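So, here's a batch of structures to check.
In the two assemblies presented below, chain A is common to both, partnered first by chain B and then by chain C.
What follows is the complex of A and B.
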């Protein structure tokens, strides 16, 4: 006890240093959240107010508050606004889900797009469109069921960790062949619908879809937040995690949340390419190499909303589904992210 | 010294199988005899069985025979199938030796996706019409994809381990697929033509064969020349260098063969996965892992597998036919799962 006394100033100093060091990441995290949220709001406003029909902010506010302006109201309330809102929600769900996958499976490449969950949804939806002649809600349900089924198959056949990722990759290749086969059996019209569905699109957003997604997110996100506390430990690998009291059951539960989030997003918008893949690494890079689920969700929302604008207006004669833009721009960005090692750890 | 060398030669398959070194279980002579017998049966079956019913195989040679047209068409398809299957299986065997990766397959590693987008670009952007014209784009795409996958997998220090290469291949495939989709979505008519090609089928006939024949032949010659190179490379780069090999040049020779074979096969028949994966493994299980036996036998068994898959696909779901790419995926996925579960991709 007595030996401590002469060192008190030094001890206080080092305590201060430690405190400051722990405060810095915290501050950076808040900065990242705020920045991403601001950027998302900006992209959202640009999407809603600009484009082939421009609104002023007071006009838009009046319309949203219920004032009827013939024709103009319709454009805002039935096309632009629902598309933008759905884009934010879908991006949020995919971003969080992707970050969870990458964390639990300990590989920045192991997102739902790569290990077959999204492909399961695509194959099921194509089957519903082409073979069963379904459309609308039932295609969405088929898609969600496909995602869940594929996740279950990969989990059962692949065990855990690296094997699970590889099994998912193999299954994706096989399902890809199945989708191509379905394409050859479709007539031209159906095939084109299916192709749009495959890339992911929020072009047919309706308020009832949005209500569904909001309810889903209100249930899933708090649950995920509760479970995600163990994510940091799960990232240490199954052996360490079990030793620290986070057993495989717990890890599975976190993954299940992620799969449900993907299924929800896929059901309304299709598997929007690369959003789940990109959000985690970008948020992590912004946050100085630390994982942040909130950041990943915001990044996902930002990506989808921002991609909506060029998808709609870049080419005057074609309306691309938003997934084309996220895929085309996202892919090289991801390669660069991995190549420059900015994911905060070695690209494994 | 010679004894030690012989020992390590015998162990050359060690790193490939991920388990104990593979001794020969079947004498090479017997394996060859078996191959010839099965190939003969498969060939006859492929010519005589199909959706229009059974015809005698020799009708294909007799223009006056009543079934000449049917049999001749099937013969054309069978010959194409043999060439494509042989090329795919050999490229898979070479790739597995080159990367010392039991999970290597041109389809899984993104090489066929590279060839695909090369061809789609050639058709869509530069309006190339003939197969011999877009063949070169297919090679270029295949080579670029192979290089990118390898670079991506060896990032962050350390060797490009099997699991990492497969996942990098999946990432590159996902990126290329989303670009291909973007291209296809711009044009209904083009998509309608390409979707039949993209599933992998053998309906292209002698025209295709004439265009890709020379390059397949060149690939086979280069590949078989690579026998000794691969056996030495299997000992590891350092040991190969110590034995006086120029490792970089050796890799380039074998890599060129892989690109020629996979690119030609893809150009002729569309992307077909898993042939390059299964055949070399089956052959290695029979005759051990010496490349002098594995390469020629893979060539033969690849041809047999592809025409058998095609024959089964023709009769399995009448009146439609299931394309050969689907059939190989059906056979290939369980094999892939088995390999992964046995621990083929464990070293990350």
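What follows is the complex of A and C.
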């Protein structure tokens, strides 16, 4: 080891080595972002233009620009386009939120769908539909409130470590029992509507929902970006974070952003299964093991919009909620994650 | 006690009537302690004596049940956390890096307290990180993911991160755990270098009494959450102290290399050597 002269500035070569080492992962990050963005656009176009009614690009452009083509305009503007747009927005919100949870709580299992936040939304919405006979916007508010409440409960009861994950899983099971009880009391019509709140769906997307989500994201995403640096510190663990000036309150503020993103997504689409859980780890794997919030958001968008296609067309007679597809993909991924031992902190 | 009292007035970091605990269990009671500026202070004591708790308290990771930790005369909990982080660095026990993070990225996070909300990464940050890596001999590791490094390399990188924070005071909780003896000495040498070069105040918890005696300017011995002795190791470390703090019978001889006190434990199976102060000579006759 070098002995120290009194504090002298760093050698030029060392500074160069630092700059080079900082640049290297950045190139890959840009590639990952670009790749995911392109894939999302491609999946979006496929979702909008293909399927049981195929549009040509010029037709689609003309319709979007306002030209009225009888019957055809309706299919594009009132079903396919809003569904695809909402899928992208919801995926974006869930992807970013999941990656924040997993980063701050330093555990890939600690995503909102595993630790009960999504289940909180489901239970609250089912309660509102079945017991209170609510519908529409009021159910959405119940769902969002349920997500926020569960997040607060799990945080208060579970602290901020692996304990939180256990508390969250326990709470999920308890809420599941509640939902099942509610279903035994529901009539067929309510049960059908409530079901959407268990898996998540963008099937009934409307432009007013989209406006709500866009406004929400325009507020939340910049705030999240401002707090992203604190996230980088928080993921070093509570002790280091405090030592570097990021106290527990600021860490909770970062988590709050994630909870609000989940609540926003859930309010319009329900808890789309496993999107928050999958996006972070997938983006991380693409990025050579390093976390990327933007990448996670894009991955979430890609997952939901891509899952929309099979959800709609896989079986000709059934139109599945998109959450059925993401859940079917997510469950094996969860098993793999548990089996490969990546849930501890000893990853790799 | 006189040594403590004289430095109380001038020390930048001190504890005044400090009590610390977890939930219902009180660990440190009504403790007064001053950490001498510009010196290496080592806190020692038996398992569960509260030495890590004390360090965590000094680093504001624990809120005092009573009393206060004073940094530059003001309670550390009442100062903005980020401001404190520019003065006081901390290396907790067994740190774990986020998956995939490279060494430069990790060490760079030590710069966080120096960034405002809008002040971004600058050339001075590059220089600070480079210097921290030079000091810990880790420039060659700059591009490597932290989780691929060996235990010794990893600990050097964590220390580099604490150095990049460029604080006048540095607190370390058992910085040598899990390191082999060569790496232990390497890390402690580095900290003494740092103390000498920057005049940084270093406060650490160590398990090994002999390394503590060798590297400390100021030794603090704790027992059941109270200070039993504090001062120069050569004045403080005696068989009586080792008995009181660790409940261990021992001889204290002079370390042939560093001329600091060296504790030689006796234990149940080696009673005989207790009879004479210089066993080697006795055996020869």
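The rule is short, and it goes like this: the second predicted complex is superposed on the first by the 311 of 348 C-alpha atoms of A that agree within 3 Å, B and C clash if a C-alpha of one lies under 4 Å from a C-alpha of the other, contacts with A are read in each partner's own complex, and residues count from 1 in each chain.
The rule is short, and it goes like this: a contact is a pair of C-beta atoms (placed from the backbone, for glycine too) under 8 Å apart; a residue touches a chain by one contact, two chains touch by 3 or more.
Keep in mind it's a predicted model, so treat the numbers as computed, not measured.
Of the two partner chains, neither chain B nor chain C is touched by A:27. In the superposition on chain A, A:18 makes contact with chain C only, while chain B stays out of contact range. Residue contacts after overlaying the shared chain place A:211 against neither chain B nor chain C. Shared-chain residue A:184: touches chain B; no touch with chain C. Shared contact residues of chain A, touching chain B in one structure and chain C in the other: 347-348.
On the chain C side of its complex with chain A, the touching residues are 56, 59-61, 80-86, 88-92, 95-105, 108-110, 112-113, 115, 117, 126-131, 133-137, 139-140, 142-143, 145, 147-148, 165, 186, 189-190, 193-194, 196-198. Those residues of chain B whose C-beta lies close enough to touch chain A in the complex are 103, 107-108, 148, 151-152, 155-158, 163-164, 166-179, 181-182, 184-186, 188, 191-192, 195-196, 198-200, 273-274, 320, 322-323, 325-326, 329-330, 332-333, 336-337, 340-341, 345-346, 348. For chain A in complex with chain B, the touching residues are 107, 109-110, 113-114, 157-159, 162-163, 165-167, 169-174, 176-178, 180-181, 183-185, 188, 191-192, 195-196, 198-199, 273-274, 277, 315, 318, 320-321, 323-324, 327-328, 330-332, 334-335, 338-339, 341, 346-348.
Against chain C, the residues of chain A that register as touching in their complex are 1-7, 9-11, 13-15, 17-22, 24-25, 103, 106, 226, 229, 232-233, 235-240, 242-247, 284, 287-291, 345, 347-348.
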